[in-house]
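In structure tokens below, several structures.
Two complexes follow with chain A in common, the first pairing it with chain B and the second with chain C.
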Partner chain A sequence: MTVTTTGAQVNGRRYDVIIVGSGWAGSLLGRQLGRQGWRVLVLEAGNPGTETWPGYQDSLDTFNVAPIKVPNAGYRPNRAAPFPDVLDLHAVPGGYTSTGHFVQTGPLPYGTDYIRALGGAAMHWLGAVPRMLPEDYATRSLYRYGRDWPLTAEQLEPYLQQAERLIGTAGNGAEQHELGVVPERDYQYPMEEIPASYQDGVFHRKLTGKEITDPVAQLPYTPKVYTLPQGRNSTPNPLFDDGRGYRPVGAVGLPNFGERCVGNASCTPICPVQAKSSPLRLQQDFTDSVHVATRCVVSRVLPGRGSSVRGVEFREYSDPAAPVGTPYTAEADIVVLAAHAIENAVILLSSELANSSGYVGRHLMDHPTFLAWSRMPQAEPIGAFRGPGHTSGLECFRFGSGRKRRAPFRIEIGNWGWGWATGAPFSSVGSMVGLGGDAEGEVKADGLFGPGLRRRLGDELNRQVQLQIAVEQPADPANRVTIDPQRYRDGLGNPKPILHYDLDTRVRDGVYAARRVAAEIFRALGAEDFTDYRVRGDIPPLGHFRHRPEGQTEELDLGFHGAGHGAGTHIMGAQRATSVVDSYQRTHDHPNLFAVGCGSMPSIGTSNPTLTMAALALRSAEEIHRELTSLHHPVTAARQPVLEAAQ
Partner chain B sequence: MTQEQELTEFVHLSMPLTGFATYDLYGTGMAKLYLDTAREQLGADNLTGFLAAWKQVLADRGGPERLTPTYREVARALVYLWYTGSWPQLAPAAHSALRRPGPNAEFVASTSSYAEGLVWRSFQGHPAGAKPPGFGTWSAVPPELPSEQQLREELEAANEDPPVTPAAVYDAVGYGADLPSAGVPAHLLPGLRVSRSIPPSAVPSAAVAPAAAAPEQKQVSER
Partner chain C sequence: MITATALSQGKYRPPAGLKELRDFLQAALEVEHFTVPVYMSGMYSIRPGANRFSYDTIRSVLMEEMLHLTLAANLLNAVGGTPDVARPGFVAGYPARLPFSSRSLPEIPLQNFSPAALDTFLLIERPRALVPPAGGEAEDDEGWTSIGQFYDAIRKGLIALEREQREQHRRDPAAPATLFTGDPRRQVGPTDFYNSGGEAFPVTDLKSALLAVEVISDQGEGVADTIWDSDDIFFGEQRQVAHYFRFKEIRVGRRYGAHDLPRTGPSGPLLDVVWDEAYRIDPRAKVAHYPEGSQVRAQAEFFNRTYAHLLALLQLAFTGDPWVMRQAVPVMLELRDLSQRLYRNPHPDRARAAQGIHASPTFELTEQHFVQARADAAAKAAASPTPEEQHP
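Up next is the complex of A and B:
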């Protein structure tokens, strides 16, 4: 049972730890520290509601009536704690415009969103939890690009295992060992892997033994289909935990429900049965020493004596439609920012803290995602629009010396047809029936109706193949978050994030390689390639660019989408001059201020970053526990908030 | 005409448009809502006019090619409504010809209509986010789809005696009958959305229709 409180109630109170944000990172920290007896205050800027069954149904209704089912379709806008939406970006002649929470100034749009609500962006995540490759932690040493971590995969291993347990992961340990990301040969995930889709099987049959040449890396690859570890309830693994097994955790607010995925095929934006894991599961098991206050927007961290921090200043609002807030403060021995990479950067910049390196806000990253789509031959349906968003991938392009020539990429085999690229299946209805008019706005002549429409639509939708290819983006100081409080503030008066974003040549080379590889894969499948990023008229698609890597003869029209993997902004490193936090995510400048989350990651490889972020949060929780233990005095005594710098 | 008769006629005349039999259309539970939505979006006179024109075309054993361009767009909007639970964005020419007072924007008819869209049934699937088929079902071989002939027979059988609609199936000879069997041409398939803020009904086709593209090689956006 979660203990909830209000901003007014905690005003002026003192806690052991204040955690800003209730997403995965904040919730993992809250759980761990609460179980060790520490008094924790979790401040969430967004709305509560999803933690109850009726509240969750309300999100489902919001999703149902959204005409465009984007990741945030289940969540209403919040003027007091605004958040970005992919619908904020518009293609216009010659480029793009951005409305909403982000101010965008870069040559290319940052197409990634998040949610400010209880549970954070994890409320709309897909649930993909692949591990990073061991080599991803040291790209600078191995491949001469990006930044090395002050940590290795080996050091993170126990925390990764703990994160897989707490998230509730379904995966195939032996397969992941063979892939090279799990060191133990007989590693057991809590649950058996989510079954591969029928389409995954088609890929396996048609691609096994086929050699695919990446013309940019100038290397041959033999793709193999691997199932994806997912934070989604599957069949419990009886061998987990030395034979003690695993009890899946289901829906929050409705017992014994959602304990196994039933194939709603809507993981992003929302899993109706909550078989997809979310931080709400952790929150319902918070101990009583953890207090959660929602609709409390932290505006800044308060400086304390010396280099320490004292607490936070925040505004509590009651109506998300009317951004009027009452200012309060709360104090703690340790302050943890866990508010998303971009929001963490805004809070640090507003507070003018932790930025002696000048690196706060820099190195903003994402996984630029290239979509490729094709149509299978008529007698070979792949059964699109069934099951979780993706259940298997092609992993070989992530590894090895090809990374010296272009950014690596991971190929997701999409299970939802041409949905992401074209808006199928609804856009398929519109196109086939001939809706919407021609270029002049006149009613079109062609179109199908009746049994012909029904039959051919079903046939076409059954054959839609889409690859979602996530390309690694290395940390680039030029990609950054800044603020300009004089010019850009949100409804509550907090600075809006200003983003400057671009893709460097290495990433563009990677996208180019992804395009060529996708064409080869489609050829091997016998599928007809429909991928098309050409500019029609004067409006380029969002994220469009033309590119020709060195040594290639053909220039291609390419494009990318945001993956929702916001990272960088307060990256970790051993040197305080060139990084913001240390390997425990403690800011170099302030011994009792932590900035946790994907913002700390110096590189994100080609893996969805949640699992790595969760492992880092668990490691930070241990460190914070050690800190608190070492300085803790009887709770009745007034304590000095000053900590020794733990260098 | 009573309200009940009007609804009966609306559903029966939707049969040759959608390719779904009346019991499937009633089975969505949305018939009344869709009739009301269409009336609200088109205006009562336009809706009555369309239904009368479509009924006449069917009585004359014709297909949608006999409808005026504006009424053809109305027919498409009704199919879109049945297939997706949403009212679509119309061709601007039809929007202005109908003198619609509201914005020409796509919206979902109600919280329950999304899950009743017929498009999912066209491939024997289920709506994303509703009516889940169960754990692991996505590994199974996709179900076989009924042939066009089977669907026609199903619709003919669903027409009542005496028939409410003059024809359960429109005559496709003049319209949409000569497409290649391997797959529909690209101008009837969706293309890339230039941004995700484009609603599904306004997504441009993957190619310009051959007849429209041929006369003058126009470089125009299909937005």
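Up next is the complex of A and C:
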């Protein structure tokens, strides 16, 4: 059971730890530290509600009636704790404009969103938990770009395994070992992998043994289909945990309802049967020493004596539609910011803390995601719009010496047709019905209705193939989050994030390569390529750019979308002058202030970052526990025994 | 319902020998399955989107009945018996007599979601403690009074027969050492079946057998004069009120509070139940009532064929291929869709339609259905990979 409290009740009180944010990182820390007996206060800016069954149903209803299904379609806007939505971005002649929570000043739009609500951005995550490659941790040493981690994959291994268990992961250990990301050949996941989709099988049949050339890397690749490890309920693996097995965690808020994945195709933004894992599962098991207060927006970390911090200042609101809050403070021995890479940066910048390096807010990263879409021939359907967003990927382009020439990328085999690329199936209905009229402004004569429309939809939707290609973006200090409290504030008076974002040449080369590789893959499938980023009239698609890598002859219209993977804004490193936090995510400047989350990651490779972030959080939890233990160590009057004589 | 009906007509007694134990356990399969069409009718006749709490509650009970069915099959297999679920005699012809219960009880029909249906559900799940004392000349003091009593008889039988078997083994080492000689590979476990309320576990000895019987009883009636089941003790899950009390909540329109007792009724928060938001059906609906050549008739027949297909898959799962259970789950979801298709349509008969009666599934299964179903199920099982093939 979660012990809930309010701002008024905790005002002025002292805790062992204050955690700002109740997403994956915050909830893992809350769970671990609570179990060790520490008094923890979790302050969540957003609304509660989804942890009850009616609240969850309400999110589901909100999603069902939303006219446009974007990741935040299930979650209501919150004027007191606003968060970005992909619909805030609009393509205009010459580029884009941005409304809503972000102020954007860069040449290219930052298309990633998150949620401020109980559970954080994890409420709308897909549930993908692949691991980073060992080489992803050392791109500067190996490939002379980006930043090295002050950690190796091997050092993170026990925490990755613990994270997989706590999130509840379904995967194929033998495959992941072959890929080179898990140590043992007979590695066991808690649950068997989510079954590969029919389309995955088609890719497997048509691509096995085929060589695909990446013209930018100038290397041949032999793609192979690997299933994706997912944080989603599946068949429990009786061999997990040395044969002790695993019991899938059910739904939060309704006992004994939890289901295994049954193929609803709406994971982002919401799983109707709660097969998808979320931090709410961890929260319902918090020990009683963990108190959770929602609708409490932290505005500042309060400085203490010397270089330490003493607590936080926050505002509690009661009505998310009215940005009116009451200010309170709470104190703690340790303060942990776990509010998302971007919000962490805003808090640190507002507080004017932890920034001796000047790097707070810098190195804003994402996985620019290139979409390529095509259609299989008639009589070769692949059964789109069934199952999780993607169940398998083509991994070979993530590795190796090609990274010297262009950014690496991971190809997700999308199961949801052209949904992301064109808005299918709704857009398909629109175009078949003839919405929008013809050039003369008349109703289109060849619009379909009734059984004819159903047949055509059934035929076409079933053949839609979409590849989502996540390109690695390295840490670039020019991509950054800043604030300007004089000019841009939200309803509660907190500064809005100002983003400056661009893709460097290496990333653009990677996107170009992804486009060319996708075209070849579609040819191998026999599918008709519909990928199209050309400018229409004078309005370019969002994220559009034209590019021609050195050595290539053809300039192409390209584009990208945000993947939802904000990172880098309080970057990790061994040196205080060139990083914000150390490998335990403790800020260099303040011994009792931690900034956890993807914001710490020096590089994000080509994999969804949640699992790595969770492993880092668990490692930080251990360090925080050690720190608190030493703070509470009893002082004795006895003299130390003299050991030197024995040596 | 053949076996259960036959046993019900006899006197109350625990099973006396191995053969009789197996008959009792086959009857248990029939008893657990008996409720499935009844609860399905109550659940799927709710207008989609309405009465969500009631829908989820009936669904949770239905899922637990499927668990009980599975545990009963595990019990029967464990004592060397063979479940037999894919034949006409397995499915009751509704309205049907509740087995192992007083003759004075009315027959159980297939009803749409309504106060009357909930009253029927309460009758089925009634804990022993709440059964009114036998009265009147018509009552047979030696007859069965409740399903709980039936499971108690099985429990007694298991203990006695296991003790006998062990003694026999002591006297004659050539005799089996235990009652539980069934092939362990026939046991359906949690990798094969997931219902989220409790867990399907293998039955391999007296201890697990008694646990299985206790789970079946406790989830239905509640633990020892309380309103709670024992999911927290057995499975480390959050405990819920037992089936009877879940239905009581819907019937009364009120949740139970943490300290309520079986006899006090619910005293917790009010519950929103809108009885009008349900399709009204004819409890005596038969396929023959729907005009030949009509779409409703075709769907009603298709439903019965699909139901037979489900039972045929369960038969394979219960007789040596537990992994076939995974094939059964999509069929269950298909039955949901087929049900709702029927309920949405007004009854083809004008007179009944004028009364607001809608079409409904009839659960009439003949041998012809099963002949086709067995062949289809075998083909489906043969075409799907076994666990070894999937993970070599």
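Keep this in mind: the second predicted complex is superposed on the first by the 624 of 647 C-alpha atoms of A that agree within 3 Å, B and C clash if a C-alpha of one lies under 4 Å from a C-alpha of the other, contacts with A are read in each partner's own complex, and residues count from 1 in each chain.
We adopt the following convention: a residue touches a chain if its C-beta (ideal position, glycine included) is under 8 Å from a C-beta of that chain, and two chains touch if they have at least 3 such contacts.
If you're wondering where the values come from, they're calculated on a predicted model, not measured in any experiment.
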For this session: Return fit or clash for chain B versus chain C, each positioned on chain A through the superposition.
Result: fit
For this session: Applying the touch criterion given at the start, work out whether A:Leu457 contacts chain B, chain C, both or neither, answering first, second, both or neither.
Result: first
For this session: Check whether A:Gly447 is in contact with chain B, with chain C, with both or with neither, and answer first, second, both or neither.
Result: first
For this session: Check whether A:Ser266 is in contact with chain B, with chain C, with both or with neither, and answer first, second, both or neither.
Result: first
For this session: Could you figure out whether chain B or chain C reaches more residues of chain A?
Result: B
Exercise. Taking the superposition as given, does A:Leu348 touch the first partner, chain B, the second, chain C, both, or neither?
Worked result: neither
For this session: Classify the contacts of A:Gly436 with the two partner chains as first (chain B alone), second (chain C alone), both, or neither.
Result: first
For this session: May I ask you to decide whether A:Lys69 touches chain B, chain C, both, or neither, giving the answer as first, second, both or neither?
Result: first
Problem set entry | Which superposed partner A:Ala338 touches (first chain B, second chain C, both, neither) | neither
Exercise. Once you lay one complex on the other using chain A, what is the shortest C-alpha distance from chain B to chain C, in Å?
Worked result: 5
For this session: Under the contact definition given at the top, report the residues of chain A touching chain B in one complex and chain C in the other.
Result: 260, 262
Problem set entry | Of chain B, residues touching chain A in the complex | 16-20, 63-64, 69-70, 72-73, 75-77, 79-80, 83-84, 86, 88-94, 106-108, 110-112, 114-115, 117-120, 122-126, 128-130, 132-142, 145-148, 151-152, 155, 169-170, 172, 175-177, 179, 181-184, 186-206, 208-209, 211-212, 218-223
Exercise. Once bound in the complex, which stretches of chain C touch chain A?
Worked result: 52, 56, 60, 63, 189-191, 194, 196-199, 231, 236-240, 326, 329, 333, 391
Seminar exercise, completed: Within their complex, chain A touches chain B through residues 60-61, 63-70, 86-91, 96, 195-198, 201, 234, 260-266, 270, 272-273, 375, 377-378, 381-388, 391, 415-416, 418, 421-463, 528, 530, 532-533, 536-542, 559, 561
Exercise. Hey, which residues of chain A end up touching chain C in the complex?
Worked result: 53, 57, 192, 235-238, 245, 247-248, 250-251, 254-260, 262
